[in-house]
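Structures are listed in the sections that come next.
Two complexes are shown next, each including subunit A; its partner changes from subunit B in the first to subunit C in the second.
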Partner chain A sequence: MHIPDGYLGPATCGVFYAIMLPIWGLASNTVKKTLKARQVPLLAIGAAFSFVIMMLNVPIPGGTTGHAVGAVLVAILLGPWAACIAVTVALVVQALLFGDGGITAIGANCFNMAFIEVFAGYYLYRVISGSSPITSNRRVIAAGIAGYVALNIAAFTTAVMFGIQPLLHTTPQGQALYCPYGLNVAIPAMVGGHMLIFGWVEAVVTALVVKYLQKQDPSLLAAGEEVQHEDHG
Partner chain B sequence: MARVNNFIERSLVGALSFLKEGIFADEFAARHGFLQSLAPQIKAITTLVFIILVLFAKSIFFIACLYLQCLLLALLSKVRLGFFLKRTWIFMPLFALFIAVPAIFSVFTPGEPLLHFEVIGFTFIITRQGILGAGLFISRVITSVSYATLLSLTTKHFVLLRVLRVFKIPQVFVMVIGMCYRYIYLFMEVIENTYIAIKSRVGVRVRYAQGQHIVAWNIAQLWQRSYQLNEDVYKAMLSRGYSGEPVILNDFKTNKRDWFWLCYTLTLAIVAFYFTYWMR
Partner chain C sequence: MKTTAKLWIGLGILILFSPLGLFLPEYFNAGDAWGEWGGDSIKEMIGYIPKGLEKLSGLWSAPIPNYAFKGWEEKGLPHLSVAYIASAVLGIAVVVVVVLSIGALLTKTKDSAYGKGK
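Moving on to the complex of A and B:
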C-alpha cells in the first residue's frame, strides 16, 4: 500500500500534496480544539502505535504472514481527525527514516491511508455500530467490516493512482514514464490482493482488538467517541 | 492441524532490525564525511531537490548520472559501498523489478518488437518501448531510494525529524513526530519482550487462528499501556516547562560549504529542467 518514489508522476504527487495540505490544516485545528492539553502526548502515542501495528506480522492461512495498517483501529480509538494526524506522522517517519513509502509520494500515501481509510473506516464503524452499547458484539462486527471495507477502498484509490500514470505520462512513442500499468491491470491486481488476503488480516485484527478492549477496558473505546462528540458539539 | 508459523520470529526480526537501523544511523552520522559536515537543513533540502529531479527526469542517462553522484556521495560520506548497495537494492528496487518485468512484453506495452519467443504455443514479444519504460521505472525507483537512504544514514534520526520545521511544517506536527520517534523505540522494546516471553512459553507451533489472537491481544495490551503512559508523559512535560505551546530549539548553523553545495544543487536542477522541459 505504501507507494514508493518513482511510481507516480510529478502531477499526481503534486495534486495529492495539494489535497492533503488543507486536510492536515483542518485536522490540526480540529485536534487543537477537541484534545485537552493533557492528551497531546496521545497523538504521538497514537502515531507510534500506528507505526508499530504495521510492523507486527499477522499469521494467515498457508503459513505465510501479512500485516495490518491499523488506520481504522486508530480512528476508533482516537477519533478520525486525531487518527489522520497519527497515521500521517507514522507515514512520514516511515518514509524519511526507513525508506518505506516515497518522500514525493507522502501526499498520495497520506490521502489513501490517513484520510480515505481513516474516515471511510471510522464512519462505517459508527453507522454499523449505531447506538449499541460499547461492549456489544455488534461493535466487534462493525470494526471488522469497517477494517475490511476501508482497506479495500484505500487499495482502490491507490490502484487508480497507479492506473492513471500511463494516461498522464507516456511518450509519443508509447513508452511509460512512471508506473507502466493502466487501470485495467492496476485495479484488479491491487484490489484483488486486498480483497482476498490483506483485507481479511485488517478485519480480523481490528475486530479482535476491539473485542479485547471491550473485555479489558471498555473506557478506551469510549474515549475515541467522546473526542468525536466534542468535535460535533 | 497445528503448523509451524513464523509470525513471532518475523515480528522479532522486524523489531530487532528497527532497533539496528537507529544504531546504524547514529554510527554513520557520527563519521567525519562530506554529507555529515553539511548543516542538516541544507542536506535535507538538497536531497529533496535530487529526488524531485529524479522524479521529473525523462532520460535514463540523466538518472544514471544522478545515481553515480549518489554513490560518490556515499563514498565521500564514508558509507561502505557494499553495505549501501545491499541496503538500497534489497526489497524496494527488487520489488520494482518484479513489477516492471511483465511491462516489457507487448501485451502490456505495445510497440516496436525487439525480440520474440514461444513458450508452450504462446508467442511473447518484447518491445523497445517496454524495455525503455521498465528501465526508466527501475532506475527512477533505485535512485530515489538511494538518495532517501543516504539522507537517513548520514543524519541522526532525531535531527532529521527536527529539520522538518525548515519546510514550515506546523510545530505541533514536528513535536508529535519527535515524540512519536521516541515512543516507537519504547513500543518496539515492549513488543520484543512480549514476543520473547510468548515464544518461551508456547514455542513457534501455533495455529494461525491462535496466532491472530496473540497479535490482537498484543495490540490491545499495547494500547492500554500507552493510554496509561499518556498521563505520566504529560506530567513530565509540565515539569519541564510545557505550557500548551510547543517550543523547538533552533540550533542549525550553516557555513560556506553548505551554501556552495546548495548553489551547486540548484544550478544543476535549473539546467536539468531547462534541457528536459524548455529545450524540447
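Moving on to the complex of A and C:
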C-alpha cells in the first residue's frame, strides 16, 4: 500500500500533501490538549508497532504481497489524532530511510494509512462496541471488524489514487505517464488482495492485542475512550 | 511487570520474526506488492516504462533501500534477513526518538499551560 515515487502525477501528490498539512496541524493541536505525558511511551510503542507490522509482508500464493498497518489498534489505544501522528512518523521514516513509499507520495500514503484507515477504524470500533464494558468480547469482535474494514477502505482509496492516473496523464500516443493501470484494474487488484488476505491479518492482530490488553491492563483500553470524550468535551 | 514493558518485549519478538516478511513471499512465490513494481517489471508487463514514472522513480535514493544493505541484494535470504532485522531495529529506534520528541513537545506545552493556571 506504500505508493512509490513515479506512480502518482504531480497534481495528485500535491493535492494530498495539501490535504494532509491541515490534518497534521489539527492532529498536533488535538493531541496537545488530550494526550497525557504518561501516554507518550505508548504512542512510541504504537508507532514502532505500525512500523514493524508493515514490514511483515504476507503473500497471496503465486500473486502479490501485502501487509497489515496496525493503524486501527493504535487508534483504539490512543485516539485517532494521536494514531494519525504515530502512523505518519512510521511512514515518513519508511520513505526516507528505506525507500518504502515515495517521498512525493508521503502525503498520499499518509492520507490512506494515517488518516483514512485510522479514522474509519476508530469510529467503526466505537460504533460496534457501543456502551459494552471495556472487557467484553463484543469489543474484541469490534476491533477485528474495524481492522478488516478500515484496511480495505484504505486499500480502496489507494487504488483510486493509482487508478485515476491514466485519466489525468496520458501522452498523445496513448502511453501512460505514471501508474499505467486504470480504476478497472487497480480497484479489484488492491481491494481484492486486502479482502482476501491482508485485511484478515489486520483483523486478527487488532483483535488479539485488544483481547490481551483486556486481561493484562484494561485501563489502557479505557484511556483510549477518555481521549475521545475529551475530544468532544 | 508494567504493561508497556511487556509490549516492548512483544515488539522485540515481532522484530525477530520480521524476516518472515521475506521468507513467506519467497516460499509462496508471490511477487511485488501491487503498484510497487520496479521499472523493469513494468516494462515486462506493459511493454514500456511510463516516462513520468521513469523520471520520478529515481528522485530519492534511500540509504537502506528495501531494508537491505547496499551490495547485499544478491546475497540470499539469510543475509537479507540479517539486514531486515537490523533495519527494523534502526527504523524503530528512529521512530521512537521522533515520537518521544514530538510527545515531549506537545505534552510539555500543555503541562506548563495547566501549571500556570493552578
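The rule we apply is simple: the second predicted complex is superposed on the first by the 211 of 233 C-alpha atoms of A that agree within 3 Å, B and C clash if a C-alpha of one lies under 4 Å from a C-alpha of the other, contacts with A are read in each partner's own complex, and residues count from 1 in each chain.
Convention: a contact is a pair of C-beta atoms (placed from the backbone, for glycine too) under 8 Å apart; a residue touches a chain by one contact, two chains touch by 3 or more.
If you're wondering where the values come from, they're calculated on a predicted model, not measured in any experiment.
Undergrad: Check whether A:Gln216 is in contact with subunit B, with subunit C, with both or with neither, and answer first, second, both or neither.
TA: It touches subunit B and subunit C both.
Undergrad: Check the residue A:Ile3 against both partner chains and state whether it touches subunit B (first), subunit C (second), both, or neither.
TA: After superposing on A, A:Ile3 lies in contact with subunit C but is clear of subunit B.
Undergrad: Which partner does A:Gln173 contact after superposing on A: first (subunit B), second (subunit C), both, neither?
TA: first
Undergrad: Just to be sure I read the superposition right, which of the two partners does A:Met190 touch: subunit B = first, subunit C = second, or both, or neither?
TA: Touch status of A:Met190: second partner only.
Undergrad: Quick one: classify A:Leu43 as touching subunit B (first), subunit C (second), both or neither.
TA: In the superposition, A:Leu43 contacts both subunit B and subunit C.
Undergrad: Would you sort A:Phe98 into first (subunit B), second (subunit C), both or neither based on which partner it touches?
TA: both
Undergrad: Does the superposition put A:Lys33 against subunit B (first), subunit C (second), both, or neither?
TA: So A:Lys33 only meets subunit C here.
Undergrad: Is A:Leu73 touching the first partner subunit B, the second partner subunit C, both, or neither of them?
TA: First partner only, subunit B.
Undergrad: On subunit A, which stretch or stretches are contacted by subunit B in one complex as well as by subunit C in the other?
TA: Shared contact residues on subunit A (touching subunit B in one complex, subunit C in the other): 4-7, 9, 28, 32, 37, 39-45, 47-49, 51-53, 55-61, 63, 65, 85, 89-90, 93, 95-99, 102-104, 171, 175-181, 213, 216-217, 220.
Undergrad: Over in the complex, which subunit C residues touch subunit A? Could you list them?
TA: Going through subunit C, the ones touching subunit A are 3-4, 6-8, 11, 14-15, 17-18, 20-22, 24-25, 27-36, 42, 45-46, 48, 50-67, 84, 87-88, 90-92, 94-96, 98-100, 102-104, 106-111.
Undergrad: Per the contact definition, I'd like the list of subunit A residues that touch subunit B in the complex.
TA: Listed in rising order, the residues of subunit A that touch subunit B are 4-7, 9-10, 13, 24, 28, 32, 37-49, 51-53, 55-61, 63, 65, 70, 73, 77, 85, 88-90, 92-93, 95-99, 102-104, 171, 173-181, 185, 204-205, 208-209, 211-213, 216-217, 220, 223.
Undergrad: Show me the residue ranges of subunit B that touch subunit A in the complex, using the header's touch definition.
TA: Touching subunit A from subunit B are residues 3-7, 10-11, 14-15, 18, 21, 25, 48, 51-52, 54-56, 58, 92, 96, 100, 103, 108-112, 129-130, 132-134, 136-137, 140-141, 143-145, 148-149, 151-152, 157, 160-161, 164, 170, 172-173, 175-181, 183-184, 186-188, 191, 206, 208, 211-213, 215-224, 226-227, 229-231, 233-234, 237, 244.
Undergrad: If we count contacts the way the header does, which residues on subunit A are in touch with subunit C in the complex?
TA: Touch list, subunit A to subunit C: 1-7, 9, 28, 31-33, 35-37, 39-45, 47-49, 51-53, 55-67, 85-86, 89-90, 93-100, 102-104, 158, 162, 169, 171, 175-181, 186, 189-190, 193, 213, 216-217, 220.
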